[in-house]
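Here come two complexes built around subunit A, the first alongside subunit B, the second alongside subunit C.
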Partner chain A sequence: MLSNLGNSILFISVLVSISIIYLSNKNLKTSNNLIIKNIYQLSLIQSTLIIFCFFTLIAAFIVSDFSLVTVYQNSHSMKPVFYKIAGTWGNHEGSLLLWVIILTIFSFLFLIYNKDHPKKFRLITLIIQNILILGFLFFILFNSNPFSSLSPIPSEGLGLNPILQDPALAIHPPLLYIGFVGSSIYFSAAIASLIVNYSEKSFSFSIKNWVLISWCFQTLGILVGSVWAYYELGWGGFWFWDPVENASLLPWFAMTALLHSIIVFEKRNLFYFWVIILCLITFILSVTGTFLVRSGILNSVHTFASDPTRGVYILLFLSLMIFSSIYLLFKKYKKENYSLNQNSKETFILINNWFMMFYLITVLLGTIYPIFTDALTDNKISVGPPFYNAIIFPIVVIFLIFMAVGPRVKWIKNRFEDIKVYSFILAGSIILNVLILVFIKSYSILSNFIIISALFLIISSLKDGVSALQKNRFDLARIISHASFGFLVLFIGLNHIFSIEKDYNIKVGETKNFENYSIKLEKLDLKDFPNYKAVIGTLEINNNFSNEKNILKPEIRIYDNPKTLTYEASIKTNLLKDYYLTMSNIDRSDYYNIKFQKKPLMIWIWISVVMIVTGGFLRLFKNAKYS
Partner chain B sequence: MKLKIFLVFFMFYTQSLFGIEKIIDPNTIHKNLRCLVCQGQSISDSNSDFAQTIKLVVKDLINEGKTEDEIYSFMSDKYGEWIVFKPQLNAQNSLLWILPYIALIFGGFFIFTLVKKRQ
Partner chain C sequence: MRNTVKIIIFVIFFFVISVFYISLNRETNYNTSSLINKEVPQFKIAYFDKNGSFTKQDLINNNYTLINFWASWCGPCRVEHPVLMKLSAENNLDILGVNFKDKKELARKFLKDLGNPYNFLLKDFEGKQSVIFGIYGIPESIIINNENTIIKKFVGPLSIDDYKEIKEIIK
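This part shows the complex of A and B:
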């Protein structure tokens, strides 16, 4: 029943999209300056239909309707209701539906919020967006239909992968999708702007808030994914430079570049084509990311839903997008007249874009290079954290310095009067760094540079904040985001330098000592839970220096549906550090392997990212207030 | 006077910088080796038997006095390049290591010409 309902709604949605394209096309030819009402109505109906369709799927998950293949494969009647609902978008088919929801909602909102822009531009944006919607609807209908039915109806589902049963992972996909898919609207707008030659700076007003929204959510999505990996995957890290993580980072670099260069376009009417190119590649990279993740072409910790046939369709769609973008760009490209002073805000924003493109190229290359070596020479290589750390981190040092100086530089032409101030800040950063070095622990030369440059950025941003406060001219959003980025790099650096990691095989009653800590496995308990059994270890960690005692209880869980073994880390968080402990059994022995980690300032890494996003939202509210 | 303070400070700083001993940390090596039977995990993160074995092998190699790089090449000779997360600098991987820097230099050059044109 639900299967028929869902399929019918999908089918009607296809018809609605086609009608929108048809009507918009017809409306383009009329001389009237207004867009006819029917288009607004249809666009609203379209998003309502898709949302309704999604609720149908949620209903199927709640009542455990195993006549649907998707529900059968990803749910189980014994699962808690919260995870039944979250399971709706925790799989490939359902998440595509979520993807289309965002496409349609953004399409509708863009239509109603941009009434001061030329009709032609708005209509063509709508047409392009609906072509994208159609593309994904066809993909859903013919390849990844969440409403495919199954007969005979199985009595029980296969269950959801237990490591996906986590609150962070329930909100991770929606957040990330608003970022990924949100970039579709400025892709469509960029194409429309090229087609109708709408290259005045007012074009920037139509897209800048959408860029901000997608950037904020993309950042939050990456954060939540990272937090989840930290808590759930049990290795104590939050970023592994894994292909799937990289896939979410690639559009982020492009968005961040766009976020900055659009300011130049808005204020100085420069870089129009560059802004367009960034709009195009952001969404193209989002779809590329989806392709890499869903086609299973890459080996990753996060591969949960991969199937090669999906890859072919997405690849086809992707090529179509890339070729039409390139064709249009070449056809419409006009040489722009730049007049840039070397010491101006414009130049510094270009420098931001320069670094963003460097990061983007490095990460993209590292992600896809193994595919090429595998295909061309049959030699599989791994590109992992050491590669990215070696290439990216030295460059971050220079980037942070530019990031500190750039925002204070004036438009058009600046005079350098602040060299003295900057040398004081630099001296202060170096002294702070040396204090850390002397009183706590020494670290490598590169780490020194990173800590110094991060401190430099933090102090100069804070100083900007103070002097702006005095003059009452306040760019709070930028200051918060930039300072927080400095804090982020600083905390990641300190976390990396001062973390302790120890690995032992231990049995009940035994104690291990290291540095000023001792760790004792006190006992093991066996417990039964509704959908799993667990071996729970009780370990006492004693800091002999401060006499601080902590009890940590890592678990080994045995899930029934599907049958899996997971290792639950036990984490004690406080403001200064996290203790992180995992335990695993060793076959045919009464020893257990434990991994203890001390991760300093962990919580501050998350807080810094939240603050970076806060800056983004502040700017958004400010834009909304003044428009 | 200022200069003297500066010099003392500088010497002190460089001394503490270069005074770090080079000890081989088995954890760093574990992190840079892929667990071949897992999905995208490193030896350090994995609980599999394979990972346990490799950890023992690494321990033995360190005790034999091998350097970090020697251990990596030992591993990739034995299990193939797939096992090391740091791609070796050889002809096949040269583009991977060089292209990012070429992009960086090219970008810098591009901005330089844009700015210079004005003067």
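This part shows the complex of A and C:
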């Protein structure tokens, strides 16, 4: 029943999309400067239908309707309701439906919030967006249909991977999708702008809030994914340069570049084509990421069960997007003549964009290089953290310095009046760094540079904040985001430098000592839970220096559906540090293997990212207030 | 000049997409299911304790072969070890153990403590040979018949159910 309902809605949605394209095209030819009401109505109906369709699928998950293949493969009647619901988008088919929801909602909102822009531009944006929607609807209907039914109906589902039963992971995909699927709207707008030659700076007003929204959500999505990896994967790290993590980072770099260059376009009417190119590549990179993840040509913890036909379809779609973008861009490209003063805000923002492009290319190469060597030379290689760390971190130092100085630079022509101030800030940063070195621990030269430059950015941003407060011209959003980025790098640096990691085999009653710490395995308990059994260890960690005592309880879980063994880390978080403990059993012996990690300032890494995003949202509210 | 740039950009994108397409149609070693019902790929893995290597040609003498990838540092390998010990009692099954990214002493101790179920013991300390079988995490096991065809692949520790299934296969 639900299968028929879902399929019918999908089919009607296709018809609605075609009608929108048809009506928009017809409306283009009228001389009237208004978009006819029917288009608004259809667009609203379209979003509503897809949302309803998605709820139908959620309902199927909640009632465990195993007549649907997707539900059968990804759910189980014993599963808690929350994870049944989250299971809706935790699989390939359901998540595609979420894609289409975001495509349609953004399409509708763009239509109603941009009434001051030329009709032609708005209609063509709508047409392009609906072509994208149609593309994905066909993909869903003919290749990845969440409503495919199964006969005879199985009595029980295959379950959701227990490692995916995590609240962070339940909200991770929707956040990330709002980010990178949201970028579709400025892709469509950029194409429309090229077609109708809408290159005035007012074009920037039509897209800048959408760039901000997608950027904020993309950042949050990456954060939540990273938090999940930290808490759930049990390696104690939070970023692994896994190809799929990289796939989410690539559009983020492009968005961040766009976020900045659009300011120049808005203020100075420069860089029009560069803004267009960034709009295009952001969404192209999003689809490329989807292709890499869903086709199965990359392998990582995230990859969905692979199916080559799926890959062929996305690749076809991707090629169409890329080649039509390139064709249009070449056709419309006009050389822009501008002479930039080397010492001006424009130049500094351009430098920001170079850095972003540098990071983007580095990560892109690292991600797809193994695919190339494999396909062309049969040589399997893997590109891991050493590559990224070696290339990205030294460059971060220079980037942070520019990031600190850039915002203070004036438009058109700048004169540095506050070199003295910067020298003081730099001196202060160096002194702080030396204090850490002397009182806590020494570290590598590169780490020194990173800490100093991060401190430099933080202090400069905070100083900007104070002086702006006095003048009452307070760009709070930028100051928060930039200072928080400084804090992020600083905390990552300190976390890396001051981490402790120890590995022991231990049995009940035994105590291990190292540095100032002692760890004792006090007892083991066996407990039964609704869908798993767990061996829970109780370990006491003593800091002999501060006499601080902590009890940690790592678990070994045995899940039933599917039968899986997982190791749950026990994590004690406070403002200064995290204790991170995992335990695994050693068969036929009383010993357990424990891995203890002390991770300083962990929580501040998450808080910094939240603050970076807060800056983005503040800017968004400010924009909304003034428009 | 501008046309050259255009052509170069076009060619780069064309090249990237072609490589993606080629990759799609390749049987990736990582795709476990693609190995099933296929002939075992050519391989050459060094013996653990003696000189020389075990190759595909050596398999033909066995009726059924279970290739098990394991390491002493791997918790789940300890979990599945009793199953392997039980399987070692089967007559028409030879078990080939590939010690994966391990240290020799620790591996020896592991077998001394828990028993040695392997008819042949090989080593792959860098994990390079195991990639041929699509192994990138352990434990994994592959069962092969006397025609050198891969019948089934077990990802993760072998359970009692897997034991029953293997017994069924080799019956």
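The rule is simple: the second predicted complex is superposed on the first by the 622 of 627 C-alpha atoms of A that agree within 3 Å, B and C clash if a C-alpha of one lies under 4 Å from a C-alpha of the other, contacts with A are read in each partner's own complex, and residues count from 1 in each chain.
Heads up, the rule we're going with is that contacts are C-beta pairs under 8 Å (C-beta built on N, C-alpha and C of every residue); 3 or more make two chains touch, one makes a residue touch a chain.
Quick caveat: nothing in here was measured; it's all calculated off a predicted structure.
Engineer: Subunit B versus subunit C on the shared subunit A, clash or fit?
Structural biologist: Because the two structures are overlaid on the shared chain, the partners are seen to clash.
Engineer: Determine, under the contact definition given at the top, whether A:K380 touches first (subunit B), second (subunit C), both, or neither.
Structural biologist: both
Engineer: Figure out whether A:S77 sits in contact with subunit B (first) or subunit C (second), or with both, or with neither.
Structural biologist: neither
Engineer: If you stack the two complexes on chain A, which partner ends up touching A:S8: first (subunit B), second (subunit C), both, or neither?
Structural biologist: Neither partner.
Engineer: According to the contact criterion defined above, which of subunit B and subunit C contacts more residues of subunit A?
Structural biologist: Of subunit B and subunit C, B contacts more residues of subunit A.
Engineer: For A:N516, using the defined touch cut-off, is the partner it touches subunit B, subunit C, both, or neither? Pick first, second, both or neither.
Structural biologist: So A:N516 meets neither subunit B nor subunit C here.
Engineer: Determine, under the contact definition given at the top, whether A:I297 touches first (subunit B), second (subunit C), both, or neither.
Structural biologist: Second partner only, subunit C.
Engineer: For A:I586, decide between first (touching subunit B), second (touching subunit C), both and neither.
Structural biologist: A:I586 sits against subunit B and subunit C alike.
Engineer: Which partner chains sit in contact with A:I361 here, subunit B, subunit C, both or neither? Use first/second/both/neither.
Structural biologist: So A:I361 only meets subunit B here.
Engineer: Of the partners subunit B and subunit C, which touch A:L318 in the superposed model: first, second, both, neither?
Structural biologist: Touch partner of A:L318: subunit C, not subunit B.
Engineer: For the superposed three-chain arrangement, which subunit C stretch in 43-51, 79-87 or 133-141 runs into subunit B?
Structural biologist: Stretch clashing with the third chain: 133-141.
Engineer: Between subunit B and subunit C, which residues of subunit A are contacted by each of them?
Structural biologist: 299, 380, 567, 584, 586-587, 593
Engineer: Hey, which residues of subunit C end up touching subunit A in the complex?
Structural biologist: Those in contact with subunit A are residues 6, 9-10, 13, 16-17, 19-26, 28-31, 75-76, 78-79, 81-82, 113-114, 131, 136, 156-157, 159, 161.
Engineer: Mind pulling up the subunit A residues that touch subunit C in the complex?
Structural biologist: 291, 295-297, 299, 306, 308, 311-312, 315, 318-319, 322-323, 326, 330, 368, 371-372, 374-376, 380, 563-565, 567, 584-589, 593
Engineer: Quick check: in the complex, which residue numbers of subunit A touch subunit B?
Structural biologist: Residues 233-235, 237, 240, 242-243, 299-303, 338-342, 347, 350-351, 354, 357-358, 361-362, 365-366, 369, 373, 377, 379-387, 390-391, 395, 430, 434, 437-438, 442-445, 448, 501, 503, 567, 582, 584, 586-587, 593.
Engineer: For the complex, which residues does subunit B have touching subunit A?
Structural biologist: Going by the criterion above, the answer is residues 9, 12-13, 16-17, 19-20, 26-27, 30-32, 34, 39-42, 44-45, 47, 49, 52, 55, 80-87, 92-93, 95-97, 99-101, 103-104, 107-108, 110-111, 114-118.
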